[in-house]
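Chain naming follows the written order as A, B and C, and within any one chain the residues start at number 1.
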Amino acid sequence: MTPLLETTGLTRRYGSLVALDGVSLSVAAGARHAVIGPNGAGKSTLFALVTGSLRPTAGRIRFDGEDVTGRPDHARARAGMGKTFQHASLFTSLTVLDNVALATQRAAGLGMAMLRPAGRHAAVAEAAMRQLWLVGLAGRAATPAAALSHGERRQLEVAVALATSPKLLLLDEPTAGMSAADSARFAELVSSLGPAVTVLIIEHDLDVVFRLATRVTVLHLGRVLADGTPDEVRADETVQRAYLGDAALDDLFTEDAR
Amino acid sequence: MPAWLSDNLVTVVDGVAFGVLLFTIAVGLSLVFGIMDVLNLAHGALYLVGAYLAVRFAGDGQAGLGAFLVAGLAAVAVGAAAGAGLAVMTRPLAGRGHLDQALLTLGVALVVGDLLSARFGNDVQSVPPPAFLAGSVGIAGHDYPSYRLAVIVAGLVLAVLVWLLVERTRVGALVRATVADAPMVRALGVDTGRLVVAVFAFGVVLACLGGVLGAPVLGAYPGLDERVLILGLVVVVLGGLGSVSGAFLGAMVVGQVEALGVSLLPQYASFLVFGTMAVVLLLRPTGILGRAGRSR
Amino acid sequence: MSTARRPRAVAGGALVVLALVPLLVSANVADMLTRVLAFALLAVGLDLLAGVGGLPSLGQAAPFGVGAYTAALLGKHVTTVGPVQLVAAAAAGAGLAAAVGWLLVRSRGTYFLMLTLAVGEIVHELADRWEGVTGGTNGLAGVPPITLYPGGAPVRLAGVLYWYVLAAALAGAGALWVVSRSAFGRTLRGVRDNEERMRSLGYRTFLPRYAVFCIAGAAAGAAGSLWAAQARFVSPADLGFEVSALALLAVVIGGRGSLWGAALGAAVVVLVREALSPQLGGRGPLVLGLVFVAAVYLLPRGFAGIRLRRPRSIA
């Protein structure tokens, strides 16, 4: 089956600094694909290249059967890519509902509609409320986004990203700064998304990764170190060495590790 | 020498002198924007303060060099206070964004401009140059006003001094580092707050001195602040935000275009100046010699 | 009265007072208030651009002046029908905005501010030098009074002119308000708050910015025609940096993004300059500058922010 997302030899150079070096990876439709690796491994660069906020120095990207390497970020978003940002990126002067409505109104093609008051587009508001229900923020719809707690902001971010009904959802360290309870709730939310949404996730919390992921890619110094099922990656010695030198790594990779 | 050049040499010299004056404004604007991302819209008004200081101390037609020196000292004192004051005033707004800081300086410009009007009236005030520079010098068959030549010399000396200060001293290195990456400099334990105040004060002092220097050339009148500010912005855009050599080159270019343009193509002079600025801003938002890669 | 109904009642009351003005004040005051209305339309358009759209401009005097000149030239040579001049001026302002905006809105923040300043200056110079059309530095004098419809009598009463300008300004501001409350208005706020996020949602952010720039240009042009109708004289000073700065001042004092705040700010600006300044020994600009500084510090959301109302959903 054709993968939903496929990168071939993706490279990004800054002068003599190589942030990403010939990364080829393949994300199957419906998968929960995690990208892990030590800091500086190139994970965020990979995301930026995939979503189009950065141009590759070399390599190609195929999404949903089409070569999107040359397409700008907004075009890729329209093609079905949704993302969350590493540092919660919201519309702070707007309410929670408006934040999500911006996504649903774009999906409905109403972004440039100038005549009717925004509230009169019933379908837009309903779709937005539905998203808020899904992430558990329905009660906060009228709250200014700036007043939300950290965890709530993360939830809102996911709601906004999901509101465009993306085929591929890219989550950039979504549980960073979350409590254990919030992380668990988040993992459940992702699991509940169903096969229509493929998830590509950068994560440091290996607990979340091994609970969720159907496939794991390990990046190190800009290259793919390992790529396989969670169990395969767990057992891979090169991965263990990359994370913690030569020390034994059972502690890091057992399920009750914190 | 080609005939065209020798015919227009006087205008070219005028252009260099004007360029020097623009440099005194542009370098302060450029450094302040480079170090704090603040567009100081009061800069022109502070130039005008310097010009009126010259009017106050040296405007009665009997002035010798001494009166100008007094005006210059006053300009340094006033400029330093004003610059430091502006830096302190804009600091609380840093969290609210650069536009708010620019707007604050716009308000200050209005206040200063009107205070100057109240004190000195709305007529154009002219300041004769010091007696020994009042004549002209004959070189290669043309007469050049001595004062303009003096302005050029003074300006070049100033430009060299500023360049040395920024490129060759430790303080200058700190300034350049802060322009490039302020958080990093703070992480090294440097108090960038005081540095910013110093740069702001320095830039404004230069503008005030420029006003004193330029008074015999441009005079002093309400509206001069606007004209000088806008041209200063053009220079800064052309030369790059945060670059001293850029400010100098840009000032020379704009000075020439204004002088030659007004003399040869009066209909089009200003379009050339502003059109070039617009084109440069669109193609290279950080200016021709500016530091690339910073998002604003 | 419930909290939701209060703003409407206030607005209704304000409209009634505005409509009654010519019956309550002298012709001179009516003239000044006419100028307030024209300037208010300029400020409200700038508020949509800068406050809602996040595009701070110091060049709105350009479409304003272009609109004023268009109206004046039409009045002298083609037609004195006010509404025709109004539409033509709005079109001229929008045309200028469309021509330069296409390049200008690609830049952001302070760079955009500087570019609008440059455009403003270029247009100002054009007005100064293009003597054949604009009358050069002397400006266009002797603009005939407008008529309200083809074949109508020239409007010479200050009160009648006031009502015409009031109607036109309300129509213009009303249109801007509709745009602000629409889905497009929400898009503008999104682009203002977080452009990168908008792009990640699939928005081509160039379009909304370009559109609001042109709309503000149209509003400024329309305001220019109203100004010309009252002053019956247009000169390059109407295109100067000072006009742009005062318009931005009005927006900041009034509160960016609220639209009605900008109208209030415009009233403050014109009233201080014209009514109060002579009382203050001509130190109007000083007072304005101080008010501006105070507003930037103390009222980050201008007068409109004083109510401390939480942002209601636009939806």
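Everything that follows uses one rule, which is that contacts are C-beta pairs under 8 Å (C-beta built on N, C-alpha and C of every residue); 3 or more make two chains touch, one makes a residue touch a chain.
Fair warning: this is a prediction, and the values are worked out from it, not measured in the lab.
Chain closest to the overall centre, judged by the mean of its C-alpha atoms against the mean of all protein C-alpha atoms: C. Put simply, the chain farthest from chain A by mean CA position is B. Separating the centre of chain B from that of chain C, both taken as means of CA atoms, is a distance of 32 Å.
Averaged C-alpha coordinates give centres for chain A and chain B that are 49 Å from one another. With centres taken as mean Cα positions, chain C sits 43 Å from chain A. In chain A, there is no position where the chain touches two or more neighbouring chains simultaneously. Chain A meets chain C in the complex at residues 51, 53, 72-74, 77-78, 82-83, 85, 89-95, 97-98, 101-103, 105-107, 110-119, 121, 124-125, 128, 141-142, 144, 160-161, 164. Put simply, chain C touches chain A in their complex at residues 178-179, 181-187, 189-190, 192-194, 196-205, 207-208, 211, 310-315.
Those residues of chain B that touch chain C in the complex are listed here as 33, 37, 39, 92-93, 96, 98-100, 102-104, 106-115, 117-118, 226, 230, 233-234, 237, 266-267, 270-271, 274-275, 277-278, 281-282, 285, 296.
Within the complex, the chain C residues that touch chain B are 56, 103, 106-111, 113-115, 117-119, 121-122, 125-126, 129, 241-242, 245, 248-249, 252, 281-286, 288-290, 292-293, 296-297, 300.
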